[in-house]
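Structures are listed in the sections that come next.
Across the two complexes that follow, chain A remains constant while its partner is chain B and subsequently chain C.
== the complex of A and B ==
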């Protein structure tokens, strides 16, 4: 028996790993993918890393990424069809960005995402964004400075702007799908667009000058109703959205001074709490926002040595932020009629029984529900100086 | 020579824990979340509670005759011929479930890691160590379980720690939305896979344990610890992935491991975590397989079970390839046919056993005393 076991063990050495081995030089590492709808077919664009160009030593000055494109009736078909132009098999395991063309987004993104959630090679930790006024293929066709791989630039820009400016929101495939399937919440996605001369964007010369002639930037949030794009939020509304959904890490908000001029408040700590309740049979949501911040800059004539000034600034901030949040809610209620904030879920969490009754008519209920927003700012510090030098300048 | 084998109650505890966790760690979260949504973890608690009752019932039966295995008990109580038929029905359960688990291990690797590798190759490797383990005997199995147990719980601890920051409490709210009836119904899946099927452990308990009293406690505690692991995994799945996604995933806890990302540094470690499942799967499988081999040997009155290991290994392997034509069929079969099968073998026959034991108690006692 022992001998049998040895034979078995030796056999097992030869039996493992033969079928699914994949060498690095057989893979086309795809970092970004774009999906568009072209004449009833899905057009898939893959941004693939050119390994020799990203290595430190022997780059020959060619573009660090290349694009492959294919069309198919399903996304999966298109993905496989790509091998007719790519010398290696597309490997999406390191995908960072998925760009969806605006036209497709308007028709509905559900079908195109199904493969991505089912395929085993894909991890669902990449960001999904919508190409504004453009096709996804055009977005992927722009070279970028600093990060030589455009997908990385898109990924990192989104991540940093989400963390320090908060008018965009990095939504991963998982978040998106769970927003899509859950009742009482509709998704949003960040938008992405190109400025400048996009024809020269794809060449390497684009990044050779100090100011690239074509640049990729993020626009504000795209609003969805179920899986269909219905419109866009403005910058203020996007920040307002993040205020409501507790997705602000830090940001800077400018507020008006009591007299004239502007001051800016830097948000350090942020917490927003959404609670649903039923008031006289109608759903209501309380949004309670607690902010800690510093005075970032004072571009007006106020005396920061007085505690009263701090209180005044707090009041103004609270009022202005509340206004912009109310504005955001109104846009979602009146203009787009879609519950992107997850108010329905808040009701579901607090009053599961009532939710069952109103679930079916939620879309109508949402448009005229009452939302009570409360903002509370606590200013802590004023930076490294107290009284602004502008004050002495004037005197 | 069979009589000499003894394992201690700690080793037994570890085996029971592995058996309870077994495949449940991979599949239970989605099965529970399917009907009871965000309350799945409460369902898991209920299931564990009911499971403990079932285990208590099993130990109660087993302790009528502390030196006999379940097959011998069956034959003693039912009489020789009916007992044999009942034993054969009993043995068909671990035989079938060994193949089923083998299919699952192959299927898991096929789905998530090696889609182009034929399942037969994966299963041959698995059967190899399965046959080896059973051939070397219960003591070897128990000792290796002890060693791997340390690794298992270390990895599990790390897993929980790393995934904890991703928990979103909103995902488990509202609590207690589902009514109790639905919860009880859904918990059946957990009760069956973790506890009712544990009837095969009666092939070890109490005949091969050196301290029966302690072992009984180990049986219950082992089931409880295993249950707690399942409750934790279910809670994590629901609170991290959300109820809908948990219900939709085939292997939700693997998806969970994919979410681990600490400081952009510790990430993509799901394959490491998969070793957790392979370990618990293996020990569950080997307990089934041991029960099959040993059971057949006892029914046929063989002196040694070892000659049966290799041929049964081959049978199990071939069976694992043909048992389910596809995964959808498997999932359907799990909650229909296998439910009833487990309930018949694990609840109905033991109850019948208890009934007849109650009637024949006196004559059996006399018989036992006279044979001494």
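== the complex of A and C ==
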């Protein structure tokens, strides 16, 4: 009898199984999500993959992704409500991009992120970006060449540009939340916008021509104070921001030659060190930037064989970069009054006791604190030619 | 409730056969002195079977002594019967022995045996039982009127398959001979490899009706005595009417009857048996089958092919790791696929997920059912391939390839990814050098698929834990099945997942062999070296 019961109990285990089973073709694989604020409600846009269109074999020429939209008082409500238009349940496990509408960003993004950080299905390795001058829905409504899934294009573009141009910054949900909750650091997000004729952006024709009539691109970093968007950095300032926060991998910077003309320096090794200190009771931060670079191109008449020329180039670069960094700091201090660099954290690390005292007035302290920037460039290689052919061209 | 009661009824069933098994009382009878009476009894018992030949002759100087020759047609070499038995009896001894018999009063039977018959193996028999045993295994019986004794003259010969290349266990490099159905040929094949006086054979006859000859073979002083004794005990316990293949023996003496894993190794290669004997294992040879049993058998042994030891050590180690990997694949691949695609989609890279989803578009079945369908189709094809006549094999493989591969996918019934998974599983299951471990996995695979479909990876993990617990709990003739992994033995790792070069293997497996563990002395000279420069 006892064994009988055990067998029954084991068999009953199998009856409970399968409840959270989902076949692959019951999923609406959502690769990008957009959140906007429309009339006090969250408007959620989901970019869902149409699998048969993505695979090479079965493709019949329809769009590889489709959009579903729903409104709700909370993001979660909107997400579930989406099933009224979607044939399958939204599956956000493979989300690549989260686009936040500019309007919502100005009002504050905190509430809308709560679900995304809580839900178990989401991996938090997707990038968060802000739609500049547009709603998130409009951004998600543009078809893209090369990468047929627009979310992948956004993801990869951000990744490559972050690595090799460094005016953007890929920030995942984890980074964003950690920036939001830490004292003495305010978040930035990359901005995304559309150029060209966005009316035709959503149609398949957009990608059928060589030059798409509408394109998505990144530029500018969005500056936040707490969770509210306060403004944008220019491209130059964005690079400056990345210089300060040690988030440059490689980039190319053009510098003026001693005489007229331009040269460009390719950054190959980069390290930036931020140290806080208290000088006469006032917080101060030293930013020490060490760069190794190559001479990328020389579009002026200098002789790279001379060590003096190299030194001169280094000096110019150091000066120009320092200027642009100072410019960035000034913008943050004077214009936006928000510590996006994490100077507060640097103070917190070096002088925890003082930090506790000044923590409350940090916003004011930040605006007129002294930041000492030092840039040190070492040029390593000059490429395969010593003397630019431009010189012979003129003679 | 009935299911559980069966245990009790079982006992009473096992009690019954002993009545039937009791040997026919007639057979126990001793031979009579009267030749006619003996022949009548034999004819009566054998039911006048047409292959038994009775030949009555008269021998002696005046032909005064009646004698009878009985043999089984087809099992006896008739040429030697004529030349060495009939000719001797009827011509050669006419003069000699009668006088002797009269003068000395000696027994004519032992006289013939000792002086006259020019045959190697002759036995005296006094009971009918032994007489039948000899007669039906091909011996010639000689009975003489007036003696309650008979002679069993061994001149067996029958048609048999010669020593051919093994079919089930092939190698690229290594001996090409395989065992045949003849027990003596098989023992000879092993003798030829190990010419050690300590290679002992002990024979048994099992099966009340088939009277199958069985040889237990081991190297005395190397094999573990306790295991030899245990093996004898287990073999003696068998009371059955017939043994037709070593598989029958295997089932009757194995340690864990309900385990899907084999605890007795079998092979049709003499070199494998020889290697096992040298390691201290014991071989059981059964007459009538080329498959020789080897005990004790360990889990890792089923992943070791004889070729591993003939090839270079590095490639052998790699291939052996590959086999363990394939074992894992053939056990888990469909289950993992089901679990990941129905429960843990998050684990897949986005591009792969989209590609898999695209393939599944329009597939009507859930992944589990799809996998089950494909696995069953494969099992059917496989079974058909084994059973059907060779000549239509190619026809079936074409149909099989079309059914499984192309048509099912094109019709959208099955997703292409599933075909890939099932094919990989099938191919991986063929990698194991022994068939036994591959078929153990066949059934377990379905179990894991069921677990995966109900509980996902969690179910697979629980299943694996249960499987490992089971594997660690079973023993083969007292040796833990998972040794040398559990219990762990560092010195036996030389020949487990990898194989070290021969010059690094100094000892026999530790647990099998408790005595005489050294295989190679002098560890410094074992490694081959170029000659040193002498100046």
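FYI, the second predicted complex is superposed on the first by the 381 of 395 C-alpha atoms of A that agree within 3 Å, B and C clash if a C-alpha of one lies under 4 Å from a C-alpha of the other, contacts with A are read in each partner's own complex, and residues count from 1 in each chain.
Keep this in mind: a residue touches a chain if its C-beta (ideal position, glycine included) is under 8 Å from a C-beta of that chain, and two chains touch if they have at least 3 such contacts.
Computed from a predicted structure; not experimentally measured.
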Just to be sure I read the superposition right, which of the two partners does A:123 touch: chain B = first, chain C = second, or both, or neither? both
Does chain B (first) or chain C (second) touch A:181, or do both, or does neither?
first
Check: Touching A:3 in the superposition: chain B (first), chain C (second), both, neither?
Finding: second
Examine A:389 and indicate which partner it touches, taking first as chain B and second as chain C; both and neither are also allowed.
-> neither
Report task. For A:51, select first, second, both or neither according to whether it touches chain B, chain C, the two together, or no partner. Result -> second
### Task
Go through the superposed model and pick first if A:345 touches only chain B, second if only chain C, both, or neither.
first
**Asked** Touching A:96 in the superposition: chain B (first), chain C (second), both, neither?
**Response** second
Q.
In the overlaid three-chain picture, which partner chain does A:23 touch, first (chain B) or second (chain C), both, or neither?
A. second
Note: overlapping chain A surface for chain B and chain C spans 1, 4, 18, 20, 123
Note: in the complex, chain A contacts chain B through residues 1, 4-5, 8-9, 12, 15-16, 18-20, 120, 123-125, 174, 177-178, 181-182, 345, 348-350, 352
Chain C partner, complex, touching residues on chain A are 1, 3-4, 14, 17-18, 20-25, 27, 29, 31, 49, 51-52, 54-55, 58, 91, 93-94, 96, 121, 123, 149, 152
Within their complex, chain C touches chain A through residues 1, 4, 341-343, 345-346, 350, 353-363, 366-367, 450, 453-456, 459
The answer for chain B against chain A in the complex is residues 111-118, 121, 124-125, 128, 132, 135, 170, 173-174, 177, 241-242, 244-245, 258-259, 261, 268, 310
